[in-house]
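Two complexes follow with subunit A in common, the first pairing it with subunit B and the second with subunit C.
Moving on, here comes the complex of A and B:
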């Protein structure tokens, strides 16, 4: 049962990561690959605060989220003033640089990793309680992003993505909106990182490297960008498939390359056959009630 | 009231505006003419807060608009229709108008449809698939959704057929007369604009070369060499 719980938790956390990344790259149109580094910041902050400073775990988790938000603002403030490409370049540098910093600090455990992270809930209430917590967070995040996308704010995001200059000329501040979107997405990733750290109780910088960026991006692209369920489907598929492969009882030397081929093949197939992903993008304007306002359907 | 006081602005070492001053009563209609590079668009961008001046200030109802952001100035009642980039091409007409009115009064859309019946007929059409003239009408409608006191337009006739230009210009007069919105129109099409505006300013190398009434300029073709 522990194995199943482990799968549910890791799938749940990847759904959170893919959904929050979809908010940034899909709904916000902000091209960044640094999502795993905010996941790492949440994990390391929560782990260090709770183990070395005696901060209660729940409080440390929220601190991890706050640190991820602050770091995201530090990344976006100087880069978003210019153009989207600079954010992508800066995000690569930010991810590589910050992971190098983590590898070279003593209090983070360096390249060997950070161990003996205090558990949360499991000792008192059993492993099931953590599964329930992760599932609750997953559902809350999916619904939150869906709510944002379908709100007036979400519609404003889609307009900003369309044309920033026109967006400013109707009284909206594109820069501020981008910072909010990036901060929210990164904060959610930070909280997911904290949940990860207190379940597995051991984190290393390798777990948050650029391959993670590729994995999360693939989940969003394969599932469907700018959709509620796309990242959920993508995360489920890309986490479930490798797990299913393990039942083939292949030697690790064969299993690893097969997984790599599978991911690469999936991305290629989707690029050519179904670039919109498994779930087509939804119309964020659909639920509005313009009839009463304008006398005609919207 | 909109007042520009001794405005000096530029881009790096280039001075685009050099000691420009002007004063407009609420609801006035001003045309700004001049050669390419005379500083017309920079003047609009300074009023909107998109370009920070080196010195001088622009006051609208005692607020310094140069010190504020574009978004703040729009919320204070200054609408800007830039040349191109003025609609969201992937959204429908109705979605464009609703986005523009989100921070203001969305129900005002009915008055916009009344002023521009073509928008009402095409409310479900994707903005990017409409003709240039229709997109310009939509841009004007979006600007009106922000309930402006002043409407700044940067070459609204660019790329439009003469008959469409006349239509756009007529709408500008309607907007001014029905809603009391002041107009500042930067244009290359001087004859068409002179039928709309009451006051004119000619900019030459960033300085005011002429300021007077539209009738004065229409009657003095010697001045036309400056644009």
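Moving on, here comes the complex of A and C:
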């Protein structure tokens, strides 16, 4: 059972990561690869604060989220001031640089990782309670991003993606909007990191490498960018399928390559057969307004 | 009486091309000023300089008595400066109505917090904004396309929507860059009326337009711009009749 719980938790956390990344890169149009490092910041902040500074775990988790938000502003504020094009390059430096810092600090445990992270809920209420917590957070995040995308804020994000200068010419602040979107997405990733840390109770820098960013992006793209369920489906497919394969009891020498092939194959298939992703792109602002008023939509 | 918009000694050049040559100009509340000049005279650049899209080399601009030189584009708009674009620049992924709604003056939907927390205020604003948008669209004869995607509409209608969107912000000063270019005849009267109505409500309007008839019918006064400099100011009829200006306008 513990194994199944582990899968549910990891899939749930990847749904959270993919959904928050969809907010940033899909709805916000902000091209960045620095999502794993915010995941890491949340994990390490919460782990260090709770183990070494006696901060209650729940508080430490929120601190992890706050640190991720603050770090995201440190990335977006200077780069977006110059031009949006710098964000991608700066995010690469940010991702690699910060992880290098984590690897070389003493209080983070360095490259060997950080152990003995205090557990949360599980001792008092059992493993199920943590599964429920993660599922609740996952559902909340998916619904939150959906709510935002379909709100007036979503309409403004759509306008901002269309034409930033025109957006400014109607009195809207594109830069602030981008900082907020990026901050929210990164904060969510940070919270996911904290949830990860207190379940597995051991984290190492490798878990947050730049490659993770490719995995999360693949989930968003395969599932369907700028959709509610795309990142959910993508995360399920790309996390649960490889996990499910392990049930086949194949020898590790075969299993590893098969999982790799599956991953690459899926991406290739989608690039050629269904570039829009599994879940068809919903242009909320194209579909919603006419239908809700004229009622002619099918 | 000082103008709503006061431009003092505005200068700008791009690698040797002078687009603003010591421009002094004042726009008055309730008046429509026509800005006439040949292609490349610097009319669009003038709008870009005032609206904060392009930084001037020197000069000062005040709006309603307050210096806006240090304000960013969107801040100037919030202060009451509204403009349209020669090349329209609508939000193609949105419907006509949504284009206008994003363009409202106080748009609570821009703040994530107000979206997540203050549903009552949003609803109230939304109702007022929709009524206003319906009014503007009605006056421009665009009611029937309110729910259409702007990218599906012909160029002339998009041009009208660009003006409609600019009218959604509570502007003290409205800059219109060639509003009639590509617009069919039937919208002529609507455009005249809408701009005149705005002026009658106390907005200071400046219109760049090559359609001389349109300018003559609409404007209280005109200025002639050539090579980044204001050459003359007077009634539009006078400016058109001036043989020297005509020669500058049509070239040699």
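What we mean here is this: the second predicted complex is superposed on the first by the 282 of 298 C-alpha atoms of A that agree within 3 Å, B and C clash if a C-alpha of one lies under 4 Å from a C-alpha of the other, contacts with A are read in each partner's own complex, and residues count from 1 in each chain.
Operating definition for what follows: contacts are C-beta pairs under 8 Å (C-beta built on N, C-alpha and C of every residue); 3 or more make two chains touch, one makes a residue touch a chain.
The model shown is predicted, which means the values in this text are computed figures rather than measured ones.
Engineer: Identify the partner contact of A:180: answer first if only subunit B is touched, second if only subunit C is, both if each is, neither if none is.
Structural biologist: A:180: touches subunit C, not subunit B.
Engineer: Examine A:148 and indicate which partner it touches, taking first as subunit B and second as subunit C; both and neither are also allowed.
Structural biologist: A:148 sits against subunit C, while subunit B stays out of touch.
Engineer: Who touches more of subunit A, subunit B or subunit C?
Structural biologist: After superposing on chain A, more of subunit A is contacted by C.
Engineer: In the superposed arrangement, does A:78 touch subunit B (first), subunit C (second), both or neither?
Structural biologist: neither
Engineer: A:265 in the overlay: touching subunit B, subunit C, both, or neither? Say first, second, both or neither.
Structural biologist: In the superposed model, A:265 contacts neither subunit B nor subunit C.
Engineer: With both complexes superposed on chain A, which partner does A:111 reach: first (subunit B), second (subunit C), both or neither?
Structural biologist: neither
Engineer: Which parts of subunit A are in contact with subunit B and also with subunit C?
Structural biologist: Residues 152, 155-156, 158-159, 162-163, 165-173, 285, 290, 293-294, which sit in both footprints.
Engineer: Across the complex, what residues on subunit A touch subunit C?
Structural biologist: Contacts found on subunit A: 147-148, 151-153, 155-156, 158-159, 161-163, 165-174, 177, 180, 184, 283, 285-286, 289-290, 293-294.
Engineer: Provide the residue numbers of subunit B that touch subunit A in the complex, in ascending order.
Structural biologist: Going by the criterion above, the answer is residues 50, 69-71, 74-75, 79-82, 85-92, 94-96, 98-100, 102-104, 106-107, 109-110, 113, 123-124, 142-143, 145-146.
Engineer: State the interface residues of subunit A toward subunit B in the complex, per the touch definition above.
Structural biologist: Spelled out, the residues of subunit A in touch with subunit B are 152, 155-156, 158-159, 162-163, 165-173, 285, 288, 290, 293-296, 298.
Engineer: Give every residue of subunit C touching subunit A within the complex, in rising order.
Structural biologist: 51, 53, 72-74, 77-78, 82-83, 85, 89-95, 97-99, 101-103, 105, 107-112, 115-116, 122, 126, 147, 149, 165-166, 168-169
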